Amino acid sequence: MSKAFLIDTTRCTACRGCQLACKEWYELPANKTKQVGTHQNPPDLNANNYKLVRFNEHLDGETITWNFFPDQCRHCIEPPCQGAADTVEEGAVIKDEATGAVIFTDKMAQFSTEDLDYVRESCPYDIPRWDAKTKRPAKCVMCIDRVREGMLPACVLACPTGTMNFGERSEMLALAKERLAKVKKDHPNAMLADQEDVSVIYLLAEAPERYHTKAVAQAPARNTRKQLFASVRSSLTSVSKS
Amino acid sequence: MTNHWIDIKNADSILIIGSNAAEHHPVSFKWVLRAKDAGATVMHVDPKFSRTSARSDFHVPIRSGTDIAFMGGMINYVLENGRYYKDYVVDYTNASYIVSEGFEFNDGLFSGYDPKSRTYDQSSWKFDLDSKGVPKKDPSLKHPRCVFNLLKKHFSRYNIENVSSVTGVSKDNLQKVYSTFSSTGTPDKAGTIMYALGWTQHTVGVQNIRSAAILQLLLGNIGVAGGGINALRGEPNVQGSTDHTLLYHIIPGYMAMPRADWQTYDAYNKANTPVSTDPHSANWWQHKPKYFTSLLKGWYGENATAKNGYCYGLLPKIEKGADHSYMFLFDRMYNNEITGGFIIGLNPMNSVPNSNKVRKALDNLDWLVTQELHHSETTDNWHRPGVDPKKVKTEVFLLPSAHRVEKEGTVTNSGRWLGWHDKAIEPEADARSFGAAFVPMMNEVRALYKEEGGKLPEAITLLNWPKTYNPEYWTRLINGQFTKDTVVKGTKYKKGQQVPSFTALSDDGSTMSLNWLYTGSYTEEGGNKAKRRNPQQTKMQANIGLYPNWAWCWPVNRRILYNRASVNADGMPLNPKKAVIKWDGKKWVGDVPDGGWKPLSSGKGKHPFIMSKHGHGQIFGPGRKDGPIPEHYEPVETPIDSHPFSKQLSSPVYKFVDSSMDKLAKPADPNFPIVLTTYSLTEHWCGGGETRNVPNLLEAEPQLYVEMSPELAEEKGIANGDGVIVESIRGKVEAIAMVTVRMRPLKVKGKTVHLVGMPFCFGWTTPGTGDSTNRLTPSVGDPNTTIPEYKASCVNIRKADKLTEIEM
Amino acid sequence: MPNVAPSSSAPLSVAQTIHTACERHPALAPLIEHFSELYSIRAELIASLAEQLAKDTNCPVPVINEEKLQHGVPVLSDSNATWAASCYPKLKETVFVHLKNISSLESSITLFEQAIDTQQLSLESLFDALLNSNESMLQAQAKKANIEYAVFIFISQQMLSCLLSAYVHVHKETVQNIFWREAYCPVCGSFPDISILQRPDADQSEFLAGGGGKKMLHCSTCSHQWHFRRGTCPACNNDEAGAIHYFHVDGNTGERVEYCNSCNTYLNNIDLRNTTATPDLSVAPLTLIHLDMQAAQKQLTPLVRTLWNTF
Amino acid sequence: MSYTRRGFLKLTGAGVACLSLSQLGFDLTEARAYATSLKTKGAKEVITICPFCSVSCHIIAHVRDGKLISTEGDPDFPINEGALCAKGAALLSMSRNEHRIKKPLYRAPYSEKWEEKDWDWVLSKIARRVKDTRDKELIEKNDKGQTVNRLDSMFLLGTSHASNEECALIHQAMRGLGVVHMDHQARI
């Protein structure tokens, strides 16, 4: 049975413990960042940050809201990136059966930058980033090395607030439901983002776009996620064949 | 803190003002949220919306530097609407004292002001005394000159209208905070006030805190669980370093620094020991000679005898009114009056106001000893940007310092809990603890004096001083030891044994102690109590989370100060649901009471405020340099040129230094219309010296920024992420614009006032990150403490053509 | 916040616990798989005894005497198990039948059964002797029944353990908040056979969750869990700086041997913060036998002797 | 030792005869070979206190071969109950980062560089500066003729990073020398 994350953003204080723990576990070097007018640093996901706490603020009348969103690969149930990569080479992206982790394999090393752009564009959450050093795209791997040993992902272990949770998918869905019910008392519009389609489920107190433009998959209206993925896949396929 | 960290959970109402607890004392916030979970209302009053605001019930933006107006408005609200706790006010505070005829307050000035010296003659700020010398009281609170009525009159000017127009806080927000917090003026409710450097770093810092004291006394919130005035304090052991006093004006245990006009030991004691004739006043400081004598015995050991006044004569004496704080030190250094000295674990070239001046001042030293973990703007000042090292004469020693985990000893947290930390690892390379540097250094000096003689050598050679540094040796000495065989309440103690309690300290030379407040922390019976790790407590103690068996706290393991104010005259808790102490008919149970006397109704009791001479909470507090009652004054640099409370714009007695580099912007200066406030940020520690050297923390917060509202940005044509120049009359600083709705423009006296905020943790030794924000701030300080006004000054801001300090 | 398990992970069953361990340490499988059935049945027995005791009006609620506890005297000290009479048949039957699966025990069990059947030995007096450490009585009984003392104790302990585990399960709420500073069980007085480090309490609000890590000792006899402070040796109370040393298999910090640098006594520990699943703690010690072997090589002494750490 | 105390069951002590698996006829060879093949790593736990804000959270430091390898909040400390903030959690990288100053450094007047020195050298040199300054500049009497024994021209700016013990001894040393310009972060 596969694993899942529940990321309860209502508890996140943007301490960035998860962001740093991920870097420490994978020994990813610190980026030389610059201040660009936000506390969100580094400003975007990159090869040295599989995980990034995004900051978003809003003013509604006199009320200020400050939302925090620990962004990472969603480990989709049916990963579009796999479909996109398959058009270049079968098995470049695999889905680990035991955990549900979506993994980029060594076969990706042969991809051209163009190929990689296809893969990145296929991701409805815009996650993969090019790593110039390994010449492969980089992203969260669900700490599969740890999880196989029965250990929690590093980001979950480090979280001091109960935002990051990890376990069997059924347990996480149950926990998500329980938490959602609680949060709804104060935030009637609270929701679980794309819970059917992903292994990384976000609990959001309000509209997803108030957290991050890609907090939920960028779906055309009325399409199911599956249809969306299928369309992305076919369009990519046609592009790559042309 | 009058209370302690865990006690915050007992509050029904929490006012966080002048602090960003969630970001800077994150673990304190868990106790705030525990109170919130139990139904408490959490309010955050602060110029900036932060993560503290995000987790509070509501955030109230305020103009920096107007806290007394805000608090004065609340005091007025409480008095006008009868929200105070009357029995408490009458029984436990000095509200009923009659103030002498000579005391006056006119248009912003108290009686006794001398404009020439900019000081007050405080002799008229006093009470009428009866024939025995006890203050006259009117428990009916009707006497027109009783403290209560003077207070009422004083704060009647602080109506919602005036307060709103000065602070920029909307009337709705004022009503909301006032009515919520004042609902704790009943016996069954408690409210706490949490503040930090956002309150102290003003020219009216002490009076900010006085305003909280007055409010809390009116509401009966002092001495009770979930109440108090809680200074979160900034630094790791700042409570301990204050208790043990790396400060000029006091000596350990909060006793006055010897002064030139107190030439002898007897003269010191006479001038510093208060006398009360009220049999119900404990007047605890009457014991001061015992503590002072024990301290002198600690310093000079067997060489200190009754005959030589316990070596009092050897000590340095300061002049009455002299200020030797760092603001004046750097001014004297700038004027070439200082030869050399030590700067350890501090980065004043980044953290002291008017950095351009202090950096220049440091060049005037002949020698400088520093001890640090990393290079800092201070250790490396001699080759700072724009300076030719070949022209800097200072001889600099930089000693490698051991980190906290590399040494053992005790530290004291803000709740006065003493904690022992073990040495986890050996110091890195050749690093040493401060103790392991200073003990041998002094031994070298002592050896030189013994060998060569010199000026007043005995002040040094007679010191009681060990050969090597052993932390626990000092922990024992801080507690104190008997210097001869002694019997205390039937128990025999040998010479050299630990003193059991400060009540056993003596002024006859038979005891020594480096700090009377800590006596009882390391005893023959209990060992080193800082090491205690026992969570055991009685049901009553557990109910409010006192943890009396975990570590130890000063004084005498009392967890909540002034706790005798939490019970009635019979010793019964005013709020039985959250009882702190209780008289069970034979003894006190719960916390350690403020003195073990029976309850007041027995006739043998004492008034609860045992540290003040007359035993009552000081609503009228004559000891301050700037008045017995707080009054709103504008920051020294202010965007307005008048306010509705009086004609006295700024504090008439604030401290300042004067030089060609110490310019101040005039009130409402059109060149500097924007209020600047400075603050810490989560990922970096204070001046940033430590954390800038941790790559992952630097990645998360890489460069100096200035937070501003979108409205101001638009006005100035600045886009988010632009490089900007922030400029005060003293200097310029480069920063990156962070345009955020978390900063709001405020309506002050009908016009828009903008606020900007900047951290101060970046410096040139970490290249490309920016340099000291304090090049902008002025050297003006509180008249009581000389703490500088970091939190409010005036600047202007413009888009930069190019940046040189910050890598774009 | 004692005994709070995050809602996200229900404890594994005995079989799951052993299965997981075998997957991770295939070399241990032949040995520990033997015990899967035995411990599963034991768990069932405890559950059924508990169900029975919960209904039994003769089963007394534990008496919480603060003064007694403050002096370090456990709840069941100086008591007997007369209340358990109704459990004896099921207890006997199940324990005996299944211990017989270990062929080397078969003859001793038969003797034990006989001793009871012939009323040479009463379970009541046996439990009384066990609960009050009456060694001379136990030795006499073993001799009388002609069973090797160590075997006699082993069989007796198995029965007492099932009985008390059921008892503690029934009265969990009464005993879970006892204030206790000792390393032996506040309920029955036995030493622990394993300790765990708790996960953070995820149900607290965000700033309260903390990092978890509270150490709970698991009783080798009655399975009760109680809090014990970190940094102190449970055997000799040594709490000097660095008193607790530990080692773990490279790459798995979640399972470790904690030992005292002064008395060399050790206790195995599972850090639940590292795992997604909570093992069954009665059988968990057996899945750490490789650590016990390492400890024995390092000349360390276990806090309590069990089948798994006696070599 | 709690062994002498009344109350615990002697039968669960370490000294009690206990059956072993081999006695019961189990073959431990394979398990033993496996156990021996495993590489283990050791460490010790030391309780210390976070060096940042004044909450003074307790921390359990994990130390291997004299090096800090990880830290966690002390779950037993009633105030932080195991929680740590981001700075506290970064203690590890802070204490072992490459920017630490490793040896006493000396910068001579007008020099452009630091020089490495040993402790004895710097301490005796500092002692000399202290004594010379004091002998030259100690003010024994003020203009009113009062004895003041004051060394106005020397100062100490201290630190709340120091322990109580260090503060006490530094204060004593400075007053002995006659220093009155003494201050630290409490005034910041």
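For reference, chains read A, B, C and D in written order, and residue numbers begin at 1 within each chain.
Here is the rule we go by: contacts are C-beta pairs under 8 Å (C-beta built on N, C-alpha and C of every residue); 3 or more make two chains touch, one makes a residue touch a chain.
Protein identities per chain, from UniProt: A, B, D = Formate dehydrogenase.
Please read these numbers as outputs of a predicted model, since none were measured by experiment.
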Inset, instruction - Please identify each chain that touches chain A as well as chain C. - result: B, D
Legend entry - Chain pair showing more contacts of the two, B-C and C-D: C-D
Legend entry - Separation of chain B from chain C, taking each centre as the mean of its C-alpha atoms, in whole Å: 52
Inset, instruction - Quick one: report the Å distance separating chain A from chain D, using the average Cα coordinate of each chain. - result: 40
Inset, instruction - Averaged over CA atoms, how far is the centre of chain B from the centre of chain D? Could you give it in whole Å? - result: 25
Legend entry - Per-residue overlap in chain D, given as positions that touch at least 2 other chains: 46-47, 63, 76, 80-81, 83-86, 90
Legend entry - For chain B, residues that touch 2 or more chains besides their own: 22, 26-27, 30, 55, 422-424, 533, 682-683, 695-696
Inset, instruction - Provide the list of chain C residues touching at least two other chains, using ranges where the numbers run on. - result: 200, 205-211, 229, 231, 241-242
Inset, instruction - Would you mind writing out the residues of chain B in touch with chain A in their complex? - result: 22, 26, 49, 51, 53-55, 59, 170, 682-683, 695-696, 698-705, 719-722, 736-742, 806-808
Legend entry - Residues of chain A that touch chain D when the two form their complex: 15-17, 20, 158, 160
Legend entry - Contact set on chain D toward chain A in their complex: 83-86, 89-90
Legend entry - chain A to chain B touching residues, read off their complex: 13-16, 19-20, 23-24, 29-39, 41-42, 57-59, 62, 64-66
Inset, instruction - Spell out the residues on chain C that touch chain A in their complex, using ranges where they run on. - result: 6-10, 20, 24, 200, 202-207, 209-211, 251-252, 254, 273-277
